[in-house]
Amino acid sequence: MSTETLLTPSAPDTATWKPRLVAFVCNWCTYTGADLAGTSRTEYPANVRIVRLPCSGRIDPHFIIRAFEQGADGVLVSGCHPGDCHYTAGNYHARRKFMVLHALAEFLGIEPERLQFSWVSAAEGRKWADVVSDVVAGLLRVGPVQPTWGGAGELPVRSLSEPPRPVPEPLDVVGELRATAQRWLSDCRVDVFVGYGQGSLPGRLRPAFITSPDEVDQLVWNEHAVNNLATYLTRGLVKRHGRVGLLVKSCDARAVVGLLQERQIEREQVTLLGVPCIGVEVDGALAPKCHTCDSAWPALVDEVLSAEVPLTPVDGEGLAAEIAWVEKMSPAQRRAWWQAQFDRCLRCYACRAVCPLCYCSQCIADQSRPQWVSKSSDGRGNLAWNLVRAFHLAGRCVGCGECTRVCPSNIRLDLLNAKLAQVVRDEFGYVAGGDPDLPPPLTTYLLEDHEEFIR
Amino acid sequence: MSPTTYLADSAQAVLTAILAAGQRVVAPVEQAGLLAFAHVEQAEQAQLIGQTRASAKELAFPRTQRLFGYRFGNPGVELLPGEEPPAPTVLFGVRPCDAAGLAILDGVFGAEPADAPYLARRARITVVGLSCDQPQAHCACTAVGLSPTATDGSDLLLTPLAEGVLVEVLTARGAALVDLLGEALRPGAADKAEVTARAEAAMAPRALPAGLADGLAAAFGEAAWADAAARCLGCGTCAFVCPTCHCFDVVDESNLRGGQRLRVWDACQFGLFTLHASGHNPRADQAARYRQRALHKFSYYPRAHGRPMCVGCGRCVNACPAGMDIFEVAATAAAGQG
Amino acid sequence: MSVAFYPGCSLHGTGNDYAQSAHAVCQRLGLDLTELEGWTCCGSTPAHNTSALLSVALSAQNLRLASDQQRDSLVVACAACFNRLRSARHEMAHDEVLRGRVEHVLEAPAPLDVRVDHLLELLLDTYGLDALAARVRRPLTGLKVACYYGCLLVRPPEVMAFDDAEHPTSMDRVLAACGAETVDWPGKTECCGANLSLSRSDIVVSLVDRLLDQAKRAGADVVAVACPLCQANLDVRQTDVTAQTGHRYDLPAVYFTQLVGLALGAGADELGLDKSFVDSRPTLAGWLS
Amino acid sequence: MRTETYEPHLMTVAQVRDETADVRTLRLTFTDPALADSFAYRAGQFAFYSAFGEGESVFCIASSPTETGYVECSFKLTGKVTSALRRLSEGDVMGFRGPYGNSFPIDEMVGHNLVFIGGGIGMAPVRSILVNCLDRRSEFGDITILNGARSAADLVYRDQTDAWTARSDVRCVKTVDPGGDSEGWDGEVGLIPHVLERLAPTPHNTKVVLCGPPIMIKFSLISLEKMGFSGEQVITTLENRMKCGVGKCGRCNIGGAYVCCDGPVFTAAQIAALPQEF
Amino acid sequence: MARIGVFICHCGENIARNVDVDRVAEAAAQIPGVAHAESYRYMCSDPGQRKIREAIVAQGLTGIVVAACSPHMHENTFQNAVEGAGLNRYLCEMANLREHCSWVHSDREEATSKALELIAIMVEKVKRNQPLAPIRVPMTKRALVIGGGIAGIQAALDIANAGRDVVLVEREPSIGGHMAQLSETFPTLDCSQCIMTPRMVEVKNHPRIQLYTYAEVEAVDGYVGNFTVTIRRRARSVDESKCTGCGACTQRCPQKKIASEFDAGMGQRPAIFIPFAQAVPNLPVIDRTRCTMFLKGKCGLCAKACPAGCIDYEQTDTLVTEEVGAIVMATGFDVQPPTLYPEYGSDPDIINGLQFERLLSASGPTAGEPRRPSNGEVPRSVVFVACAGSRDPARGVPYCSSICCMYTAKHALLYKHKVHDGQAYVFYMDIRAAGKNYDAFVHRVIAEEGAQYLRGRVSRIYRDGDQLVVRGADTLSGTALTIRADLVVLATAVTPRPGSDALAQKLSVPYDAFGFASEAHPKLRPVETNTAGVFLAGTCQAPRDIPDTVAQAGGCAAKVLALFSADQLEREPVVSRVNEATCVACFDCERVCPFHAPEHRELRNRAGDLLRVVSHINEGVCAGCGLCVVTCRSHSIDLAGFSDEQTFAEIGALAPF
């Protein structure tokens, strides 16, 4: 039930339609290059509108999203050539962000013609004119953005992922778990122990906060222990209780790594109890993340529960298969597929609430100056929110899958996250949740980072 | 005077007749692996088993609604109309809990000064309820004084019988719809008590303690709220799937040319919900926010209106990412007071 | 990677010892050197002196065949063919108008998906020197070789992109891997006179004289070449050089493939060592046993 | 009852006055003359002010019902809407919807001595009822005014305060927090509760109107209680975030009371009975 | 609404020809928030600026959009005009109707509608502009000069003579740089050392110059006016305070055959050595990589020889910290070795120009007599090859090394002066002799000295017996040449000093693909860099000759002194600011900032208890790139002048195309 909106541009009249190209350019190279095109009287199409920013490093992906929201048919992002940055490294950092954004846009089915990147130096007036002409020509080829996506025909709602797998019998660690929690609490090693307790609905577990050694019998462990308890570390737990004992599966431990890396917790505030895990259940089957999980044993932990872990071969492709399935669609189909997903978004922000790496005290979705993300739960606001969420997790998401588990509208956020994790792994050689001493991939760069997507 | 009850072959048959009468229908359909209310054109599209993930309130109280628009001049501003309400619609297959939710919303938005945008939409909705014969694990309508066959909020209520379906005509709007359906309905009557009893028996026993409203009010200052809310992560899922939650925000969206003022859903569990511009927040922590939710549903509202602001659909319990159970929390808090 | 071998006219004619030895080498290394089915003339000198389009189109036709036969690369031994094929590919890639015209002639898209590799590149890049050295049976230890590249392999550098145009070392490295000692000499990329051999043999004689002189001074036992025409000039013209200048060299000019083949254990006949005017067999006797 | 519950009236900015560096007063007139005639409100009521393109903000109406032909609001720069409202200049058009809420019980105040206490921007609602009472001066007993601010630069309605001070029929005092005085300051120095205790108004037959930041209200109430005022004698206003003004949007409630409908004016006794969540 | 004034410039006919300025003015007046719109023939002229000022006052305008040329051209002009009318200068924006519109779009209709939209974009932006005040930071009026060649020496002396303290850091054991190595200088043929040595001594004796030789800049922190520089003083193994420079130690050293750096390998030195006779300071240093004591643990001959007992084998590197307000980078150049082209081979008789300088220098290993490195004989025939690596994009460097034409001519001349019957050949591409009296000098070398200039390239050099055979082309006569030579001197390309790229990174100075440091603007700010307070002198920026270097060093000194003329530093207020309320202290800003501007700030309550640590941007350091703004996920950082809200407003104005 999307809202008709005055701001969404009306369906273009194809007879008079002219592509609208917004160019975000850096002040020192491309803007000056465009100046040079002027002084050289190099003619190019009038469809472009330049927004001047100090550096390509200042070009926020949100600006690009916003430009599309405001009816741009295409966006061109341009800065200094590598090595030429007025601020020495702005364009190197920007290049990584653009790489991720480029991949995200493509994955969502935005035609490549609509989002273009270039390096244009202050001396390349000719190149500026050529790039604009070329991008405008590309836009003429793909035509106007359809105000409502779709037209891709019948689409399957479920992907052809691997068949659901049964959940293995959980390891019996409850006794040792309780004993360890009791010991930690009795020894005053921790002030609170966070584990799982019985939920109020049959077959559900839920987080349990144990503060007294007498209460440890509330702790349980089985295949329903889905919650990533690391999330609670940044939700006032330390402030309220002091030292925290935390039960972590291997995926949860990766989130703890992320929090350490981003300085959200101090290592000594948390004592980690690792639980060997051979899979949890989501929607009655083995969770997709578990198909490709190669470690029952969490890293970084202070103690670990002992169990004999049966050998479970990692032979699945997990989300990679579904990503490939999405990528096989035509761009128009992909766009429509995602559109249908995002249309269902209620903006309840459960995905944000459960994410261990979403810890900002004020999410940009809640900021109004500017209104980064339209509050309206319609096509525009929902698209922006889901893009922003995915982009902010690029290189950070540890793949715990909680966002997708809790989404009341079954939006496949895990595919977005996993796709960007692929990009980050393939392009920057980085996997989130590994080494807490590494810089997150979007806060660093290599001179030789790929830039084939940049003109 | 027309009869107040009819019989029909099946709920599906009633739907077929409604569609045949040219009515626009919104009914539960399967989308992306979950049930959701959506526009249907054929009776077979409708899924008349189970519970939709989101409630039925969205048709009357959409996630986003344009209150009005405006166009900038130089000088001056020109006001433009708000949204055009959708065409008259039959909301079909609404479970009694959801229908009761609409009745509660009608009370809230209808109270003077009334809420025109809601009423404009609501006036075009005919609710065809469908009694519940297969309750879910999280169902709790009996705990809040409703039943799997309750009529509250429905214009028509269909109750599946051993054979055929009982159609109760509950309002004039319901009667008007019946008039369009012709021979699909046969005047007749049946007792639905057995259906009710069977469904209630299938439900997990849930009850709210007596004197809950006062008990909760008395428990306002209890420190135990912090423990009770420890799990809550402060998302809006419970409010957004709830049939009675109606909090909203009002925002502008604009560009150089003009803009629009929108009403969008909001939730009391969000930290920003009550944040003052000065930075002061009357409900500064999740404990206070969860307490507000529990007390609004089970204390403030019942004290003013004599019934909980809850229809027992259990969606919030089912959907909560952290396993919060408002029935459990409310009962515990009130008991702790005693 | 799938390759097809483009022999060209020379290797089926005067230079068949080159072809013979190339096959011998590849067979011993396990490299598939199947000939391109239905190959035609590369365009060579006659075509590009008459029609630019024809010269490109002839090469393009061969690339087209390779593409149709699902080959990733066309491997060439003859320096002239190599030059033509690579030039044609370069021109089509950089001149849209020309590409359009070629496509018109071919009635097919320009086959830019097929690479053109010289046999030396195949050994160096695809096969690898370490792997080659590992297959050496009879190291050419003590054999001093002057590697002669001539013009066509390396020029023009921006088109051929083959090694260092002024100071190539590909052949040196390949033969060094076979145990030979390659000498540093100034003649590497000097001209042999090429097809002036027929029209102005006086020029060819003086150029060959200088090349042989330099190679000899550098201490070379043999000159190694990678081009049938170079081989012919350096080999056949030695008698003319002696006749006209009185300089006598008796310096065998052999294909590098013959030396590689030797190192890999191939026999003189298999390598076609009997085909040249200046008999290399006495010089190479030590490795022929 | 307007059919479009949330649609504002268009108003023209007739005057812009800066009270302090970050507090501004706008005087608004109706663009529709018919509305101007029919519009009526009571002191203490509030309204929503629209900066089109940015949103709505809630402030009390700072003018008095006796000041006809316009309404005024005073607001402090805090965010998106208030910055947009500050961009308006005379002649510009903005939106206004209201009035909402209850009002000061002026009829109950008749015949009583009155004490008006305003702290910072809290002086805005005080001003509305104060001017209303001053315009009906004869109906009331002694009138005492205390206008306080953090510093001299933060004191609002300074000219009017000086005019009230000049009147012989009211006692008007302005004060700033210790350290907040600057050169040329001719008022008191001290926190409002302290100055209030120095003024020592009699509780007998007196009503107190008290508005300001929560901390100032808290300590002023303690002082008033010490001086013998009962909760029923002290009238104050509450502010909460609100979006609708009509009891729907669900965020301004304190317990079962909706500030927008049941307030914003409460007696101290009423507030004491509410859950302490404001 | 805001009251925005829009001023549209005709720029004579430049804009008006392709843009209907009257129609644009009329339409601009309709944009919401625009209180005034007019057009004028030359907005940047005095009357044009007056129109703006008058309108601001008369109409009470709150923001200005000047629709004219590029802001790079006239932003400052109009900001000044706006300021003249009492409006903050940052409430003025420019819409670029000339370079970005009228000059590039010939369709008048299209250009006109685009012009209007460009104006609308800037109107929307300027509505959100905030008045900004320049940032003032305190300043240490002391300069650091890195590099003790002629550039560094000149800059240091100029600054010191103007009364400011200077810290001069030189990596080698002595200052002097390449200029001290040269024989005579073109075109006047003054003796290089004769003019250089007095300057070196002046540096040493200057009361305002603190000299560190055999030292390197280890780290640079801080920002303009407030740099903290850590300098590593490498261990000389000689106690400087006691050493008299008598040289006894160097004579006793058993290692005598080490290639001398100062002589570019043409001469030899011991392991403990004074680089050259006129070295400043005139102190020996032990080359620990070659000293027997360090390699084998025993020897100690120099210690025994030293009458003052100042040999100290235990000495270690020390770090010193200096506070300075400005930095001059003068790290100089190197020349490529003579082995760039493999077809030239590597032969002892093929040397580069710097090596030939040493052979020609009176203080050199041959006492100024050119001799062949291979056999010590005087060469009878010398081939000079210019552009040996320069202007060769394929195999060398694409740029011109700028000095080779001149020094090659000088070499030919000096050679002819010393070997009267010798023959000098010069292969050249073309002769670039653009300096004062330069061309005349080259003509003199050709016409009077009889050097044979050959326009063409050398294709190959190889040894034939005792001689080298140089084969090349004379493209003027169209002939191939073969020249037999005794010595070949290659004028190899000038490259930046190794390690200067690492230093540039420490200084946050960009550098080009070849490692030359980049100036802030090639025309108008040739000695400044984009890092405020860091300046460039000499060949670290590009190849240049001595007079240009000295002039540029003087320019640096002037810039430094101008900087020091104010007690506080004023900076453009385009800087990032942190919203401490929403900062979550992930410090990703710190990770991305190229300038180290983000700092950790502790937030404490009144009682002094630590509440949180948040990021804080040091305004003095922030260069305003906005990288941190984009990196900050909670958007707790914004950039003044290019704020998120401003940009969103611009994008919002893009809609009505």
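Letters are used for the chains, namely A, B, C, D and E, taken in the order the chains are written, and counting of residues starts over at 1 for each.
Basically, contacts are C-beta pairs under 8 Å (C-beta built on N, C-alpha and C of every residue); 3 or more make two chains touch, one makes a residue touch a chain.
All figures in this text were calculated on a predicted structure; none of them were measured in a lab.
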Fewest touching-chain hops separating subunit C from subunit D: 2
Contact clusters after notional removal of subunit E: A, B, D | C
Intersection of the contact lists for subunit A and subunit B: D, E
Greatest separation from subunit A - chain, by CA centre: C
Identity of the chain that, by mean CA position, is farthest from subunit D: C
Innermost chain, taking as reference the mean of every protein Cα atom displayed: A
Separation of subunit B from subunit D, taking each centre as the mean of its C-alpha atoms, in whole Å: 39
Distance from subunit C to subunit B - Cα centre to Cα centre, in angstrom: 83
Where subunit D and subunit E are represented by their mean Cα positions, the distance between them in whole Å: 63
Per-residue overlap in subunit D, given as positions that touch at least 2 other chains: 55, 79, 92
Multi-partner residues of subunit B (each touching 2 or more other chains): 72, 75, 249, 251, 254-255, 258-259
Set of subunit C residues in contact with two or more other chains: none
Which chain pairs touch, all of them: A-B, A-D, A-E, B-D, B-E, C-E, D-E
Subunit E contact footprint on subunit A (complex, rising order): 7, 9, 18, 20, 22, 31-32, 34-39, 41-46, 49-55, 57-63, 66-67, 70-72, 83-90, 93-94, 97, 129, 262-264, 359-364, 367, 369-372, 392, 439-440, 442-444
Contacting residues of subunit D [partner subunit E, same complex]: 87-89, 92
Touching residues on subunit E, where the partner in the complex is subunit A: 70-72, 96, 98-101, 103-107, 110-111, 114, 117-118, 121, 505, 508-513, 518, 530, 574, 581-582, 584-588, 591-592, 594-595, 623-627, 629-631, 633-636, 639, 642, 644-645, 647-652, 654-655, 657
Parts of subunit A lying in touch with subunit B, wherever the complex brings them together: 1-7, 70, 157-158, 199-202, 204-207, 209, 227, 231, 235-236, 240, 340-341, 344, 346-350, 352-354, 362, 366, 368, 371, 374-378, 381, 402, 405-406, 408-410
Interface residues, subunit A side, partner subunit D - complex: 368-369
